């Protein structure tokens, strides 16, 4: 790798694409060469992302063709599901590395893809080639790879919260609840995102089978019989919070859980275990990580030793999307994994 | 009038139309015969207004043709500006009374209409025939009329706050600021109403010449040289707050202002003057009137006796739209002016 | 009963006490004779509840002694837990009826009280005498009684949502999640209610054993082995939402559930079952009932026939506190059960 | 200066003190040696500022005595007004540099101090010695100084917005309106900050003479006859927005205003002028600068050439307090003025 890596961002006008740009604006060794937006090609980037005017005063969105012509070293693809795969293939063929943010190559098994996304994958070989873009689980594989998949924001939050339990074989069954902010739905206005209806919403949807469940089952190696995933849209812009109601596979003592979590995440730069005390900080909320790439997890064990509540909080645009993508890209590129991702949470906000 | 008045509501799928329905659901002597929505004709009303399911379990939106065929006694027209006037004429021709909520017949002078709305009025004779739908100013005229105009929510808030001063000739010049909630923009999602952008917004727009200024000038009998109107979208769903920075035409003592306000609003069922004390209740906020037809006004005079701050708060969907429309309709129909409008503010909320 | 019932409200300066006053302000046959607040005795009620200035322009808080001297027919006691019981006894001894809002007489079994409240009940005989103040379960008993207990807002929301299942013996085990607005914590400022920390909070607390669980177990006749209750403070002022993850005691078809819910709530004035369609209205949110006494319940059955999600939404200050108290009082007094409680939800807000 | 500067933060448990810590956590050449809090001495800092747990895992609050014993090179004093001055003197006497955040040394004229703060300054010589801590106005003076005053968040926002006009002699009179988030009031809960009352508030207070007006008059060299300052608490945690209604001292063309603003702020690292187009970005809102040290200013001139609206937005905890303090400290210490302050706005949030 040369000392400066050149990047192009696809879907740069969207919510996740904008967050990739925000991160790269402060990245010490990646330079943005192109910001692709078919619909806004030619417009200054800051018309869409006004907070980036100081960082990219001259950058304009370019067309896909111009994006391809940049000859960048890495492509960040923040595109709608279904439209990313063809471009992934093209970028790889051109010798670029790819950090995808879509759902197109998250699932490894083509049959799973077909079940959850409703059609066979266009390029099944990419499913094999992609490494799931969560460095906490796939750090070593990402280092040698050229394609990191996207992670679902709900999925990554849930996986990070439950992985230590799954690894220890402790999950009997689990009811996962995820609370999401409005930025999760992207930048396109809908009736559901219309402020009079969305503000102070507590809208429960997908009470059992959100698409992100597929990733959770895959990464935690669980079967659908024991896992449900329910979503609630809450008043918040950024943030995902998972609360998991776990029935453990066997009675445990609390110390065993601490050990499982500590051993899973020892040394992780962006994953922290909440303290047992003070008690009001034991179960985390997204306010505490807003704007940062951090994930916080806490848990409380019922005195019966078998019922467990696990809570995990992330910023959906960061650790749940653009942050994990840049972290994965750093690994793909042989850079310091934490480069560009040192921003602290903005609190209170 | 028969003992029960039959009403039809046009634009019933919109934000103001829904609020007319909410009021009429509890009105003792008006019965909803039809809820017109061209785009949703045939759908249950409660699909759009779920809070009204208990009140109108069987009511479906009807087509404009069906609306006309109801033979209702009064039509509430909550339609986009420009589309109301032809229907007003048709309803009047059929012998119905009309409470309009649009801007189509608010201005009396066709030249004013053309200046502010950009084209000549389609039916200039209606401008003459309409009585401005603010009973606090036109109670007696409304009683004998068959057409009440709509009131702009920003305009009605500003007019109610400044009318006593204008009547007393005390306004030298005035900078009117209006802060509005998101329901003001209606039920159609836009980028501006998209929750991630609209939540916690403090978006200043129309820094001098919002269209509602025309009504304010007309009703306060002021000229544009001395009046500006600035809008700010704030985090709130319902509510308009006006804060007016008035330079008085002459030095006054506070007692004179109290007298001007008291004499203007003595006996008004829905307009209250805030108390001088306790001081934290002297200048009102929309929270205090949410869900009700009430208007609150308070003021503070600078010790120099010439600079004045006036603050007025209303619920934009109620006193600023549907509430004033029903209040005006009650007068048109010879009913008790306050019928159906007794709901108390929901506080805190 | 004489044609007008005279009421006194204790704890009238608090959040629930204020809501009792808001309801009684529009009640056709109950008149407020006294609003007791030891700390604010002598102050105008509207200094504390500014939205009630028009309703009670002259009413001042009175001392407990003055409250007792009113000779009212009914007392509403909105007092902190532990301080209500002695006053209940005194009021009953004076021949008044009592609608309590505290937790002091909610549990029937003194041993349960001691377990959950940490000390033996002061007046155990009152536990027997009180009827749990949820008319949907105890309508007939309330009619002949002189003491209605308060209901926990989280408990009443949960009980209303799960009662039809419990009655049908369908609950195997259940994880109850409750999401609450900030008004639930009352009118006293704390660090937890401080806006910079409370705004957009998603604070999970009491992950298993909130005190309201005791009521839920009692009223649903369940044992603690199978039930947990977790609370989350969310961004909202009014509102409680319960989401229950139920493992049914046996495989069912959806039709059986509809039947269980319909038969439990047929004819209930304030409890509604959400429709199966449109799907976005199937699981309710508190926005839809704000300011009203309504409870909404919806459910979705997993295709496996054994896993069920039930969601219930109420306004915590209304159906979860003051609304149920007035509804119960209407029954105690032989009045129309719905008197004073006809306010529609204010939506969107 | 040695390569690493050692700092101690007083009032470290407060809102502004916490923000100083957040900035210093990422500062390349300042190290936190002590975080003083009399009331929380001995407690881990992250119990109060949980978002800083990763940055300061071991740091505990220390007592004032321990703070003084650190022998730090610079003290940041985030203390209540009135308590800072004695400590400033003591720190200076010990040879430390001081970046104050209080109001104790903002005003240069002891008579002004007495007028606005109600008592004579304890150490009038400090008023002379302090440089007003706004580098945009006092960069050169700060470089050679040992004491930077605090800046009022409302004042700094207003001064930055109006300074170019004042410098050009263009302000005839001006009505300044400031909208503030809840973090401005600090970390201590009050009835006014209680979430049910503060959420969605639009509370107008200090309609003419907020204390920050004194700083504005001083720095813009204006007299009180022509300036009023009105505050409104709005729904927001971080952020100050000023909207100034200026009557210009003479008729101007828009180009003259652009020139005045550009020449005043050319090369400023943290002050930007909003673009004329697109129009929706012309007048800034605090959302656009949240979490950053940036100030944005925009304006619109009335077609009459004499009436002007100026809008400025900052993050009150950053540019309005801790950010300007660190920026000033960098100058006092001879460091790169922008060190530690490069965080980009978190948007949307």
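Chains: A, B, C and D, in written order; residue numbering restarts at 1 for each.
The working rule: a residue touches a chain if its C-beta (ideal position, glycine included) is under 8 Å from a C-beta of that chain, and two chains touch if they have at least 3 such contacts.
Which chain is which protein? Per UniProt: A, B, C, D = N-acetyl-gamma-glutamyl-phosphate reductase.
Because the structure is a prediction, the values reported are computed rather than measured.
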When A-B and A-D are ranked by contacting C-beta pairs, first place goes to A-D
Which chain maximises the distance between its CA centroid and that of chain C? D
Suppose each chain is reduced to the average of its Cα coordinates; what separation in Å results between chain B and chain D? 40
Averaging only over C-alpha atoms, locate the centres of chain A and chain B and give their separation in whole Å. 46
How many angstrom between the C-alpha centroids of chain D and chain A? 35
Chain B residues touching 2+ other chains are 15, 183, 196, 199, 235, 237, 348
With touch defined as at the start, can you tell me which chain A residues reach chain D in the complex? 15, 22, 25-26, 47, 49-55, 183, 237-238, 272, 275, 278, 281, 288-291, 294, 342-349
Touch list for chain B against partner chain A, complex: 15, 181-183, 187-191, 193-196, 198-199, 235, 237
In the complex, chain D touches chain B at residues 175, 177, 179, 192, 196-197, 199-205, 207-208, 225, 228, 230, 232, 234-236, 239, 241, 243, 245, 280, 283, 285-287, 300, 302-304, 307, 309, 311, 313, 348
